[in-house]
Amino acid sequence: MKPILRIQVNGRWREEAVADNTLLIDFLREQLQLTGTKQGCDGGECGACTVLVDGRPRLSCCAFAASFEGHHVETIESQWQDGQMSPLQQAFHEKLGAQCGYCTPGMIMAAEALLRTNAEPSEAEIRQALGGNLCRCTGYVKIIESVQAAAPGHRQTTGEPA
Amino acid sequence: MNTKPSKGVGQRMPLYDGVEKVTGRAKYTADLFPRDALVGRIYRSPLPHAELIEVDVSAARSLPGVVAVITGADCDIPYGILPIAQNEFPLARDRVRYFGEPVAAVAAVDEETAERALKLIRLHVRELPIIDSIAKARAPDAALLHDKKPGNIEREVHNEFGDTAAGFAAADLVREQTYHAAEVNHAQMEPHAAFAAWEPEREQLTLHTCSMVPYYVHKKVAQCLGIDTAQVRVIKPYVGGAFGARVETLNFEIIVSLLARAARGAVRMQLTREESMLTHRGRPESETRVKLGMTRDGRITACECEVVQRGGAYAGYGIITILYAGALLNGIYDVKNVKYDGYRVYTNTPPCGAMRGHGTVNTRVAFESLMTSMAAELDLDPIEVRRRNRIPGPSVTPNGLRVESYGLPQCLDKVEEASGWRQLRGKLPKWKGIGMACSHFVSGSAKPVHFTGEPHATIVLKLDFDGGISILSGAADVGQGSTTIVAQVVVEVLGVDWRRVRVITNDSAVTPKDNGSYSSRVTFMVGNATLDAAQKLKQVLVEAAARRLQVEPDQVECLGESFHVLGDPSRAVSFSDATAEALVDTGTLHVKGTFTCPIEFQGGKHRGGAVGSTMGFSYAAQVVEVSVDPVTCRVSVDKIWAALDCGFAINPLAVEGQIQGGVFMGMGQGLSEQTRYENGKMSAANFLDYGFPTMAETPPIEVFIVESIDPNGPFGAKEASEGPLAGFPAALADAVRDATGLEFHEWPLTPERIAKAMEAREREQRAAARKTVRQPATAGAA
Amino acid sequence: MQELDIVKPASVAEAVSLHGGAVGARYLAGGTDLVPNMRRGLQKSRKLVDITGIEELRQIAFENGALRIGAGVTLEALCASDLVRRHAPLLALAASQVAGPTHRAAATLGGNLMQDTRCYFYNQSDFWRTANEYCMKAEGTICRVAPSSSRCWASYCGDVAPAMLVLGAEVDISGPTGNRREPLAALYADDGLQHLKLGPGDLLVSVEVPAQSGWTAGYEKVRVRGTIDFPLAGIAVAIKREGNRIADLRVACTGVNAYPGLVPNLEAWRGKEPDEAFFAALEKAVRKEIQPMESTLTAAGYRKRVALGLARKLVGELFESAGA
């Protein structure tokens, strides 16, 4: 019998039967069908699987779902709210922060974690905070520009929506 | 809808399918797996080279939960990308030739069962010598990987254009050097995945796969299953990068299809990162010997080049790769005398294939490096030397390639100025340096890999009662933005409101065949086919509007959402009315546009002369600034300036992204990337050890777009993605030389490699110092 | 992945009793070392005692001139802690160089100090290792790095341990056999198979570091890329200066042995000037201490070179800045 896990995912409390050896990423993708979160490597080396747990970034391929009883998980699917893209999504879209898009969900979630603690990160701070998220397409330049454009501090000073 | 005609091309546009990507709604192959599909897994050879005596799958087969097990015995039809070189079976038969080669496969009810079944498979083999290097493959008594391939040579190429002997005789300086480039892998972020569903009642197969060339996959899957292509449907969902990794049919795509049929159901297959890297098809390790003749003022008089590529175990794209390596010695500078000798060898390593800059990269790196080194010897500026060798105007290269538009000089100007080259070259403080190099690439192979007599590209526009325009495109968008390009072209020509347009891609049951996303052909060829289709549809609508307005078609002006009588805007019909009129008697409109490269662009007459042929080359120049840490010997790239002549930027935003991505991949190859083998076993098949660069060490990449307006490209456009890659490794080595005084002929420039060179120099200096100390004493004694 | 039983205790005592020293039981912290290893079949644990819910393991306090950091403090929290930055900035510096930022948000101090040793023949998939007929560290009998050797040479590659060592850290351990405190250095052994002297069920509770005051200290590691990568070699240095002389000096290395280790016998240089003879002797002492083997894709010779080079450079630079 699989134990019942009580976990909040994207703002919604769920009670799900989950085996203890289920990785968080498999729980999200297979059981909840939240396929926005991606698997890029065989464990811990690429950041494609990044989600937020209690607001901090987390590699969902290096954690067991069972560890998060009572915790709050956010995935890329949570970024779309009230029928709108989040500022980060808007910026990644408009500034071409995504080419093939495969690293994008993890990249946006890592960026979200950064922007929640730093409203106007410098380029160096962005490079530092997203250093664990690999992208093979963009050369990172437009990803950095996207994060800068989405930063609340930046949006305030320029009056741009994103 | 808009009243003014919409603009399509020349705009900085977000990707047409970008919203799906940033919201996580884009479905990649593995995101589409139904939960109840069987799990497919591959049993791979643990040996790099062995004769298969028996593949015992009996225990696996009888494990409860296992639905199907297949081996080489289930498919005796070989496959391969080139019709003349199909020597690979989806599952090995009789012999395995590389570590990781598929030998058997299982479909089971879940992951654990499939995993357990794999562990029950037993191999009985006779081990064979492991031929894992060029030297071993070419040794006189080497074991042969394939019958009828003496010397393990897959293909030799020899050609000479002009008179190289005379060219070298006319030179003031002749130099020769051998360069070595490690094997690299595409390392696209999405691991390979496929999902096949066999419908036993209909005897039809639907395959979802992450391909760049769904049409080849379609053909090869039908071929290996021994069924009619009509029984197969191939759908390409979103693809998480490809860079050439998916430009031929891959074994797992056939295996999952065979499994689905054997299991009479649906089978999902997700490869691990390690398996994806073992599937490989990357850029081969290569040894490149270049010899150049140069006049005192920097003009190249002759070029001789010998390339040896370690091709891996099977043919793959090998013949094309080794031809490309020679063909694109031409087409960038005005060199009249060119000799090329190429050898592609078979080895017990995973098959190489096409990777961004297919075949041309390591040759270009070697050529550029020698060119710069000779310029230094002649005390000439490397940028100036390139200017002196520019192609004067539209021309045909010695090997029969046509150059129509040529923006290399402008690229040089841009990067020279932006980087402050003149102030920095040779003048930076110790341990800092600046370097440069150029590169080019084709905008689509003018002759398709498979000759069928069909047009080289086809696009269909569907217009129906609703007034919606569906662009049916078979072009595989793998992140490069081809879907966006076709939409832009249609909107530009028709001027219609964007909301009227939808792009439907890559479902063989719906969209027209496309040759695939290889050789940077899509913007040029599919762009031109789209242009043709849009112009035809416009003509149909103009004629319909003319009927309604009761004027001649040439009296009608199209304003996108409406059609006016020329000079009398009050007499107009709306787009909907024009559509309604156009549909009278015919119903749903399917307007087809095509494009074919004219024969005169299809290359020289010599054997293999079609490779390298194209209607337009992109050109790139880049400058790279570095620092070298004297203790750790790590190179940091501080800044990159890259300029690309892409003819015309249909979407400047996307062009910038492609340049940055291409340069970045060149940077990885230059700095840190390489596959590794432990006694024939690929052993850096993960992102930690393979080590492509992270955001932390990737510098700002400033890009400049040069628009030479190609006479044949759609709106003047050429390719924009592969061209900028090859300059990087050479520019990097040049910069490191500027910083350290050390010249490198091997890539990647790992800290270890630089440390070795520094140590060697220190030893030499110490030895020299000892000599000078000792010499006076000896002199005194004498 | 093997079947698992995960339990999540709320206190140290509960954790120790749930573990109980049982065979196949293991503590789980951030999971950034353990889970990738489990996914490769390197750890066969059946029961994981998840210690991330234990509040007392997450405390950082400064008392009686010493900084006490709970084993469950994440490296991210450690880097951000004012107390750490004030009293032992070296630790934040070293921790900030561990893996990538997302790893550090989950990775704990305890997990970092207790991370497994690494080797090119070991950190491979099950498929690869089976094909290579395994090695002594997992399922096999011989060492692939040094086939004639009777031991395992896998290297310890944690970044924080050397920094802890030069600051003279002590650890508190709680286990089924009771509690104990000992120097961090005593926790490690020169053996790639068993590099930790921990009894079954022993839990690292906290680390205590005397305030860094008086010491000028630094840490540098070499890796191929700018982030994520483990150290090919890492050197931590703490130095005290009096006038033109070295008052005290400690150097520790990581990535170049099966354990993180202090370079011995540097006391001899107390009161001496750091002249060329000193630096030559320093290099000699480091050379004697380290033993990188061909256990990484990067050659051992390079790792040795940079370990020596970094030691020389760091000591020189820190001596200079200590005077300033």
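Think of it as A, B and C in the order they're written, each chain with its own count starting at 1.
Basically, a residue touches a chain if its C-beta (ideal position, glycine included) is under 8 Å from a C-beta of that chain, and two chains touch if they have at least 3 such contacts.
Quick caveat: nothing in here was measured; it's all calculated off a predicted structure.
*Asks:* Would you identify the shape of the chain contact graph, picking one of line, ring, star, complete or other?
*Replies:* complete
*Asks:* Which pair wins on C-beta contacts, B-C or A-B?
*Replies:* Answer to which pair has more contacts is A-B.
*Asks:* Measure off the straight-line distance from the CA centroid of subunit A to the CA centroid of subunit B, and report it in whole Å.
*Replies:* The answer is 29 Å.
*Asks:* In whole angstrom, how far does the Cα centroid of subunit B sit from the Cα centroid of subunit C?
*Replies:* 42
*Asks:* Spell out, as numbers or ranges, the residues of subunit C touching 2 or more other chains.
*Replies:* 100, 125, 226-228 - these are the residues of subunit C that touch more than one other chain.
*Asks:* Two or more other chains in contact with one residue: find those residues in subunit A.
*Replies:* Within subunit A, residues 42, 45, 128, 130-133 contact more than one other chain.
*Asks:* Which positions in subunit B are in touch with at least two other chains?
*Replies:* Touching at least two other chains: 272, 274, 688, 694-696.
*Asks:* Okay, in this complex, where on subunit C does subunit A touch?
*Replies:* Touching subunit A: residues 1-6, 8, 28, 30-32, 35-36, 39-40, 48, 50, 52, 76, 99-103, 105-106, 125, 226-228 of subunit C.
*Asks:* Can you name the residues of subunit C that touch subunit B in the complex?
*Replies:* Listed in rising order, the residues of subunit C that touch subunit B are 100, 120-121, 123-125, 127-128, 130-132, 222, 224-230, 297-299, 302, 305-306, 309-310, 313.
*Asks:* Mind listing the subunit B positions that touch subunit A in their complex?
*Replies:* Answer in residue numbers: 14-15, 17-28, 30-31, 35, 186-191, 238-243, 270, 272-274, 478-481, 653-654, 656-657, 660-661, 663-665, 667, 686-688, 692, 694-696, 698, 700-701.
*Asks:* Subunit C touches which residues of subunit A in the complex?
*Replies:* Where subunit A meets subunit C, its residues are 19-21, 23, 42-45, 47, 50, 56-59, 61-64, 66-67, 69, 110, 113, 128-133.
*Asks:* Across the complex, what residues on subunit B touch subunit C?
*Replies:* Checking each residue of subunit B against subunit C gives 44, 46-47, 99, 272, 274, 631-634, 636, 672, 676, 678, 681, 683-685, 688-689, 691, 693-697, 750-752, 755-756, 759.
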